[in-house]
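What follows are several structures.
Presented sequentially are two complexes of chain A, the first with chain B as partner and the second with chain C.
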Partner chain A sequence: MLDFIVQRLVQAVFVMLTVAMISFSLFQFVGDPVNNMLGPEATAEQRLAARETLGLNDPIPVQFTKWVGNAVQGEFGQSYRMGRPVSDLIAQRLPATLELVAVSALIAVFVGVPMGVYTGLKRNSFLSKIFLTVSLIGISLPTFLIGILLILLFGVTLGWLPTFGRGGLTNIGNWETSLLTARGWSHLILPAITLALFQLTLIMRLVRAEMLEVLRTDYIKFAKARGLRQRSINFGHALKNTLVPVITIMGLQIGALLAFSIITETVFQWPGMGLLIIQAINFGDIPIMSSYLVLVALFFVIINLVVDLLYYVVDPRLRIERTAGAH
Partner chain B sequence: MSNKKPVLEVRNLRVEFPNRRGNLVAVDDVSFTVNEGEVLGVVGESGAGKSMTGSAVIGLLEPPGRIAGGEVLLDGERIDNLSPEAMRRVRGKRIGMVFQDPLTSLNPLYTVGRQLTETIQTHQNVSDSQARKQAIDLLAEVGIPAPEKRIDQYPHQFSGGMRQRVVIALALCVNPRMIIADEPTTALDVSIQAQIIKLLKRLCEDHGAAVMLITHDMGVIAETADRVAVMYAGRIAEIGPVKDVIKNAKHPYTKGLMGSIPVVGHDLERLSQIEGSMPRLTEIPRGCAFNPRCPEVFDRCRVERPDLIDVGTSRAACWLHDPASAKKTEAAE
Partner chain C sequence: MQPTRTSPDMPASSPRMWRRFYENTKGFFDGDVFYSFSRSPLTILAFVITMAMFFAAIFAPWVAPYDTYDLRSLNLMDAYKPPAWSPGGEAEYLLGTDDQGRDVLSAIIFGLRISLLVGFSGVILAALVGTIMGLLSGYFGGWIDAVIMRIADVQLTFPAILIALMIDGIASTMMSSQARADFKIYVIILAIAASLWVNFARTVRGSTLVEKNKEYVQAAKVIGIHPLLIMIRHVLPNVMGPVLVIATLSLAVAILTEATLSFLGVGVPPTNPSLGTLIRIGNDFLFSGEWWMSIFPGVMLVILVLAVNLLGDWLRDALNPKLR
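== the complex of A and B ==
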């Protein structure tokens, strides 16, 4: 077990270093940031001074080492555009995105899995057919369109929910959260559903397909032949086996949520990382882009680590083979 | 023959698969009984309807397959028309089943002990520790060494033969009256097949369970069964005491099967001495289903379908044994 975790951590560090290198190299490929920051009217002295404060005159390996050292401490330099530390900007935006992604992930999993189980068990019921038809829409409509449709319906036509930004925020230390007030939730719910919908339908279809597969297996037939209760067969034996392959996909899908959040944040003007990165890309704000890249990579690495550990918990075959190899 | 009480009686069982073009009849007018303490062997080529018969008895036909006629009685009580919940309580408790592949019969994510105790506690009102004790005793009984330790292991930590022992323990764990074993050793290594069959037979004796042993290994039947039913194209071709059927087959199909002296491992699939193959369900010929392959076929066989006819201690579905057509046989030859 410890072996396994250490091995995974070493891999994770390696991945992160590679990503850091790529992120850092962005600085080399994109034109002189000083121009962007100071504008064409700046004097030569101003430019030189700016280069010096940004550390752009050091040799590249030195810059990289410094950069990684700083990054590890959460320092990503100054935003070219806003002239403020990137870490501040991110710290300010990160809660919004993480809350949006987390709530979406919970919706996708806790609605998608039961719907998948239901449609797998009650293959021919009317409700299952509705779920499947609706899920086709969820899969085929692009996120931004779903967002706009939801805004039209719940925001404009019905007037039930706010359609942009966050609101009703409470501070917990430096963390601004939407989750503690009803108003906060009213702002969060539409973007969260928009973001969750695609993953939800995907998870539902996957769980359904996997459930159908598992229900055909010999061990389910043998469980029936032993007279076990239907409930125990469906929600014990079958569901647990269904989740083994589904866990990986869910991990990947939660990663994908972060990627899709850029679109959703734009549609709902949600003041998170997505909005920040879009503006940064438009402006060529490399420090923000590169730190975003590093953060996203970190997010994926953590998810993969969790998925591997979950696998380990759920599937005894992995557990035993490793310990068996050890003695 | 035995004067013991019948445990399982199957009367005129018919299993159909409705489809767009009508009904496929997978089991057609099959009747047999299994008496207390008896082992009934069921043999026949692949697709003959052996598994369907077993599944129908235990109420586990996969839809759209359904029992379209006949009766199944367990200890004199009909079980083919029970509610799903009542039938569930019959399964495991009064009829157990062992399937072909021990590698896939056990849930990979639960320990062997958990699968045993769950089954025990589903049917018996016993405490966790009592169920665990019973489970350990059962594992010891089926010959698994160090059962106190093995009980907490997962199926993949057992070899194929050991897994089939666990499967047998699972099927017998609440002492059912009847065990249906559907090709219980086909998936196993030849070297351990005989051992597992012996174990199955001894345990069923000890637990007082009658056995319906489905196999296409005539050697297994010869060594294990008291009586044997030979199935062909969804019907019973011949049924009778094992010795008589092997030494003195009445049905031309059985005679073909018995062409050589059966030994364990002698597989019907690989040794069909009879020309041709069993017809598909959609192409069963008129008259006797065996008539296109039968070396002794005569006119009546192509028109009328024979039912089982008493011939000495056996019964055979063949016009040769109908006194009314005896002369025609000679004429045909």
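== the complex of A and C ==
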């Protein structure tokens, strides 16, 4: 168990360093930042002084070490476009994205898994066939189109729900949340459904495939022969054994949710990190781009670690094999 | 811009190899695969739709009612016309017109061309790079394998759209705005290929590992054939099946990625709009009730991706010996 965790941690550090190197190298692509900061009127001495204070005269490895040191402390420099510290901008936008992603993930799991179990158990029922057809379309529908269709239906035609931005915010410390008011939820629900739909269909199809696989195995037949109740066979034996691949995919999908939140946030003008990064890409705002890259990589690495550890919780075989191997 | 016809992307080699490839394919279509195709009406429908779209895209200047690139044909008086069947619509413009009087149907057909061009180029590039990497990785093993697979691992943790977005962002900071407009389409193709090659590399590596230990490869080694020749002439033809499946499914992903990038405004420039660009432009008019500008390109995109996905699913099942 321990050497497994250590191995994963080493891998995580490797990934983070690679991403950090890529992020750092972004800065080398753009012109001299001194020109941007001082303007064309600055004298040569001022430029030299600025280069010295910014540490631009240091060798590249030294600059990289400094940059990583700052990044670890949450310092990513100033945004070129907005002239504010990147850490402030991200701290301001982060809650919006995290709430959106969390609500979407919950929708995807708590609707997707039951639908998958149902279509797996009642393979030939009418409802299953509808679910499957809808899921096939769901996989082929791009996220932004789902958003547009939902806006058209609930925002424009029916006029039930607001279609852009956040609203009904409550402050808890530095965290602006929209989860505490009905108005906040009315703003959140359409983007969250948009974001969740693709993952929902994916989870549903996966759970169904795994259920079909497991239901064919001998131990399920044996459980039936023992006369166990159907409920306990379906949920205690079958569903439990489908969980390993499902957890893997869910872990990966939370990462995908973060990436796809860029699209959802653009469609719904949701003021989160996705909107920030799209604007940064359009304006070539390197500090925001690089820090976003590092932050997203960090999320991915943490999620992957958690997923690996969850395997131990759901799959007792892993625990036994590892201990057996250690003896 | 001429649309490229795609042939199975094999490295240039002797005519003998092509003949063998032909014979392999011939047997392929006489056999189980073609039989399973002819027994699945949904797959046939998907195939017909896909082919119809390819045809429309390739022959767009002749198929489309209007040439949307010809600015003289645009008439602002014809702007904002709804589809032909709704009140105010005209029979000349079947799916209505956009804010500049452009025929939506023609714009969709020309947009389909860009979408397919970018999608195909991206997938072919990804398949080429991924297959080569997978062959090298699987055949030689050792440090080559370690390096390639570590890169693949790191990249696999990031979703395709994020990789494409970042490459696009980096490219746009490096280029001037003029160069950006000119080379944008290549940047998108590169970005899509970069986000897709890992799937090919991992699959080909897996198949190569299996093939490597078979007797025919061992025999070829013993005769003293150069490793590169063994890879191209002996291993490659035997790993092409999975590559074909992944290529088909990747085409759907590539088309969606391109559409998404274009929708986000970082994709192909509005001067030659793809389906994604059309949806983005139409999206601005959604609230004022001109729904047809974004919904029709959207429907086209979904039908295309759905058809390609169905073909890919079928191909995967048909080539899977377990399910026969």
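We adopt the following convention: the second predicted complex is superposed on the first by the 296 of 327 C-alpha atoms of A that agree within 3 Å, B and C clash if a C-alpha of one lies under 4 Å from a C-alpha of the other, contacts with A are read in each partner's own complex, and residues count from 1 in each chain.
Methods note: a residue touches a chain if its C-beta (ideal position, glycine included) is under 8 Å from a C-beta of that chain, and two chains touch if they have at least 3 such contacts.
Computed from a predicted structure; not experimentally measured.
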{"item": "Fit or clash between chain C and chain B when superposed on chain A", "value": "fit"}
{"item": "Which superposed partner A:Ala259 touches (first chain B, second chain C, both, neither)", "value": "second"}
{"item": "Angle at the Cα centre of chain A, taken between the Cα centres of chain B and chain C once the superposition is applied, in steps of 10 degrees", "value": "80"}
{"item": "Which of chain B and chain C A:Arg226 touches, first, second, both or neither", "value": "first"}
{"item": "In the superposition, chain B vs chain C on chain A residues touched", "value": "C"}
{"item": "Touching partner for A:Leu309 - first (chain B), second (chain C), both, neither", "value": "neither"}
{"item": "First, second, both or neither for A:Thr18, with chain B first and chain C second", "value": "second"}
{"item": "Touched partner set for A:Leu298, first chain B, second chain C, both or neither", "value": "neither"}
{"item": "First, second, both or neither for A:Ile137, with chain B first and chain C second", "value": "second"}
{"item": "Nearest Cα pair across chain B and chain C, whole Å", "value": "15"}
{"item": "Chain B and chain C contact sites that coincide on chain A, given as residue numbers", "value": "none"}
{"item": "Contact footprint of chain A on chain C as seen in their complex", "value": "150, 154, 157-159, 161-162, 165-166, 168-170, 172-174, 252, 256, 259-260, 263-266, 279, 283, 286-287, 289, 291, 294-295, 298, 301-302, 305-306, 309-310"}
{"item": "Interfacial residue positions of chain A with respect to chain B in the complex", "value": "217-219, 221-230, 232, 237, 240-241, 244, 314-317, 320"}
{"item": "Chain A residues touching chain C - in the complex, by the definition given at the top", "value": "14-15, 18-19, 26, 29-30, 136-137, 139-145, 148-149, 151-152, 155-156, 163, 252, 255-256, 259-260, 262-263, 266-267, 277-278, 280-282, 284, 286, 289, 293, 296-297, 300-301, 304"}
{"item": "Parts of chain B lying in touch with chain A, wherever the complex brings them together", "value": "58, 60, 88-93, 96-97, 99, 101, 104-111, 118-119, 122-123, 154, 156-157, 167, 170-171"}
